[in-house]
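Note that the chains are named A, B, C and D in the order they appear, and that numbering of residues resets to 1 at the start of each chain.
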């Protein structure tokens, strides 16, 4: 809702209107004055700038990536040898639950949100997202959720039911520690964050595109993010219901999953997977989006079959809602449903295949530059193809009953998610680092990073295919010699290979961290257009200014930036360079708009998130805390409503004060 | 708003399916067919339905920039909504008296969750309507009033439609 | 399985040396004798699945090799060697359509076979024998309802090892007493969850006598990894012998023996949860266990004829010592019946594990048996607690248990 | 930085914290009173912080100039409300918790209003502007707060009326009330030159009338049947009567619905006065049903007979409590009509003794199905 009308500027002030000489407030009338610092930690804490939020999302998500990674290494250490003793059964169960939860909800989703936040407005030529303060709220809520989830480690043990937390094993009797409560609340809060974020991004894409940018001229990354946000909007409420039911059961004595009352535990599975399967695409489509930018850029060719890629992305999203029960082939659904879901699952392989073909054909006939970003993108295509094909073997329901819940499925989804998602994100890191920080990541270290990761990944997850087919179930805190088989290549061998691989993988990630540290110390600035890129985010300085674009670009082509640099030679049909990227950016700076209103910083999103966290704790630790949390939430919401979204003129830090306002940032 | 409502649809979808799954599952306490008072609930459903009509009137008055009538219809909608909530409070009380607590059976848990969630939505709607009325009265909305009225109207219709679905599935279809 | 490996080797452009290693793996792949190998069907149902696997895995392998081979060629060929920037074409719809139709066709073929497979596996009409299988944390209970045509005149109850006759279509009616478990004997069929409050059907049939391993495959809490099962297929004659042994009445140990004292200890301690059919209290009334008062799931393994089984504690531990155990596992289909039916003799007993278990069960297998942490389950254990038995008690108990043939 | 304005609230926080601790120690550490006092403390702290943050509302003004131009604010009635709230809290502590909660609510409401009024009065030397500031700061709370109160009042008193009336007249009352709201609305709207004030007056009158009627209704108590229902508890297990004839409580409303089909282990039929059973997975009729011990298992009962029947399960006998009286153990379904079915869910912890085998029977029909618990 607009709060603009509530801003009181001196010209509107009744006293001045009457011409009386009184001392009047000359500043916006917030209950608390809005933060005006533009330096130091306050700038970050109270910012509503989508770029800063994007960087914060990325940083926090990367920290959680490390946390989840350490959990994974502990798991692999435990399983390297039979009857491992590194972790107790209890700790191991918490470890794999939190590994998955952390990687999915606290790394993959927010990291995608980081990219989306940062680049989506830039790619569509907007100054910010539609609701900047809501954007800040999303971030802080996500952080609160993440902290609550991980706080459980220190407060009586983390959740231990596996990331899909099947009822009734997650019920109060079977999981008596508070871990699952923390898990529920952490996910609820992180879920609210995602929901707000996705509505925000959808509105941004639909309403704030630069002039001339039709939907079919949007970069593929933006398209994929849009599809993901729709998936989130429609899948998150379902998990919310499931979590609420579980919370009622655990905290308030309801009996939704209590079999002795006649409950059906499959309800949880249905609700969970109606969310859970679209969630898989939520995780993977951003990766697809990133490489759909990287592959064309480094092949110097547009994406092959742009509309097909877009529509296959959308149809993957759509069909993704109709295949949830393929996670439940073994749960006794009855042959008809199994057959239907089996077929639907096969059908989803088709658009996925289309994507792979299009990526390959994008490179066909190109002029390929194998930079680190490109290597990761190629790695994604290969690894995802393998993961996709093992996915087809799961679609064959009878075959799936042999493979599901074994290491084969662990291998499958790591190829899909690690191969298809993490490689995409790393590709994005290398591709966009110069844009975000104005410095180039070291290509040589990038290469080491890539090769260690790709070898480590295949050594860690490749053998899991074999382990699964040899019959090693997942989620076992120990495996036993008695079931390992004979000969050299038994459980023992492959588990060891896998564990070694996981450490090689970790070294690969370490290379990335070294690279980042080295780059930060390196004073050399990156060129304005290091990759000869194709999309609008490069049409501004690196890093971009607070208001993103000095003037809002007008779009005529898909890959607008590229087409401003190159023109096709009529006779030879080759491309002729007419300008460099740097030239274009300089031209933009020269023609800058003046007096750009940007939304001002705010305390409230942060405070509201803290309030939500306290409220959540109250569910576990008692009503008084809940009351405190609720009051905090109400108080911040009140402050929020009172605060005008755009600060008074004196708070502007944009250059000029005279001249008409050309662009007013949206409110929210 | 549409996105939000779409999201809400799924939320209610989840709750309704939970209810549909569990409606006959009674180990203790009364069974749905034993306590539902269909005539009463029909009336309250009808009241809610009428409030949708008055909401339409409010929106059309707002479009004609007729503030007094907008206010009137908003008030009426709010009152009808409030009396619906009153009906629900009554219904919950009688059910409780009949021995149907929140944790009595699966049916009761899912019934209260579903209708409770809906009741909260209606209450929020009523509060929005009343506040909106006050804001219009004080002439606080500088922009297009009818747009705001329409948005809240959209929400109100949504809540209403959800109720019609709930009423049909929960009360009318014999389990 | 080898197919997957092919995909990998070609995919990553990993050089020849590594490919050779994978080649060896392929050879090793089928000869490893892993007890839970999913590619070694030993019965009809598993065979149906295996046939499907032999369609879809090679198909995936071939497609993978083709696609990735083509990709490798692209990567090699279009490296930047100074060629001009290519024309900015947005692709050819014809190619797209063809590339959509080809996978669709392949998948349709796979789909048809899958469809048939699903309905073949769901067939239960011609069942010859039923067994109720009940899962709980963390062991399986098997009970055989009376079925005259199978020679079962009284219900049989057992745990740890499922005994079935060869060539008979056996229907498992699975359910659970607490959380969801999953019953999986890979050599005989795919897995099927045991869902509390539901009865799921799973058909097994073994072609030849043999011992088949399995493992609970739905995460079921603390000791999920220790919830194992074994299925033993016996020839029809041997199965009849097994049945008659299971239906044999209880014989109390002779007075004055160590075993008789063990019976006393049993009646003092174990009977709280563990039933031994036919056991009588000192006053002559039947001793009925009350697991429902002590264990949350309300059940503990019935120990009648314990020594006819080869495992205990959810099949985590062997009742046979290593040598005897190997003897049974390694037996040929012809001899396994005799070896299995001979049960556990004193010389074959795995006394170490059994005694350790009686001494302190939760230390041997993680269970929720700490009374301090059982608030949410109303003070009931989830698993066997530490009974604090003395060594002499344990001696007596072992002697007694050995009489439960 | 503690400003004069915030001191009040910090004081309030301290006092109510002490009160809360005392209450928790003396009365009950976990009930509503403690929560409310605790909430009062927190809200006091919050408002206090807010006041000190805003430096008592000295919004970026030159303080001295304000002081010099200071104009007395309009008279305020919030202190009185505040006092009323305190009185209610005290009364509530001594009497009913509803009054107590009401008091807390009034206290918070009055406090907030007072604080903001106070703040706005000091905001500048311009009264109009101060008024504007007040409205702006408060309306975000006031409107929804008031709306919630109105909603609460209507819902509460409406439901009281229904509870007091009989089922039928309650429904009629509902129709009349809703219809009159609607009709009055139309009547007012149909006037070409309607006035907003009319609406308000009518609405206030209506709500006032409702409060009046509602109070009377609340005082007169709930209708008879409800009180009886609460007392009798038709659905209590002790009312379960398993005879052939109809039971007054248990068969109060017959429940002929089944939703647990996936879980039934066997189906028991009665047809032509005879009982027989079928079990899942068995092609032939069975005369024995095996149910694992301690496992909730459902059995479906289908009546194919002309007459009503119920399924009874006999589970031996047991001593009841400490009295030592031996009673039959068992349960039954409700009376089931022709072609209807009902589910019986059983959890049997122990096997039968030889003397008293378990069985299913149908009163009024011949034959029995043996029930085996191994």
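As a convention for this text, a residue touches a chain if its C-beta (ideal position, glycine included) is under 8 Å from a C-beta of that chain, and two chains touch if they have at least 3 such contacts.
The structure presented is a predicted model; accordingly, all values stated were derived computationally and were not measured.
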If you tally contacting C-beta pairs, which comes out ahead, B-D or A-D? Let me know. B-D
Distance between chain centroids, defined by C-alpha means - chain A, chain C (Å): 39
Distance-wise, how many Å sit between the C-alpha centres of chain B and chain D, to the nearest whole number? 16
Chain C and chain D, separation of their C-alpha mean positions in angstrom: 47
Residues of chain D whose C-beta touches two or more other chains: 260, 262, 296, 345, 347
Residue numbers in chain A touching two or more further chains are 259-260, 262-264, 332
For chain B, which residues are shared contacts with two or more other chains? 21-22, 25-27, 140
Strictly by the criterion at the top, what is the full list of touching chain pairs? A-B, A-C, A-D, B-D, C-D
Using the touch definition up top, name the residues of chain C that touch chain D in the complex. 124-125, 127, 130, 132, 134, 141, 143, 145-146, 155-157, 171, 173, 175, 177, 196-199, 201, 275, 286, 288-293, 297-299, 302
Footprint of chain A on chain B - complex, ascending: 3-4, 6-11, 13-15, 17-18, 21-22, 25-27, 102-103, 105-106, 109-110, 113, 140-143, 148
Give the list of chain A residues in touch with chain D in this complex. 6, 8, 13-15, 20, 22-27, 29, 31-33, 259-260, 262, 264, 332, 622-624, 627-628, 631-632, 635, 638, 641-642
Where on chain A does chain C make contact in their complex? 88-90, 93, 160-162, 166, 168-169, 172-176, 259, 262-266, 299-306, 308, 330-332, 334-335, 338-339, 342-343, 346-347, 349-350, 353-354, 356-358, 360-361, 363-370, 378, 381-383, 385-386, 389-390, 392-393, 395-406, 454, 458, 462, 465-466, 468-479, 482-491, 558-559, 562-563, 566, 568, 572-575
Note which residues of chain B are touching chain D in the complex, please. 21-31, 33-34, 37, 39-40, 43-44, 46-47, 50, 54, 57, 67-69, 71-73, 75-76, 78-83, 85-90, 93-94, 97-99, 123, 126-131, 134-135, 137-138, 140, 174-175
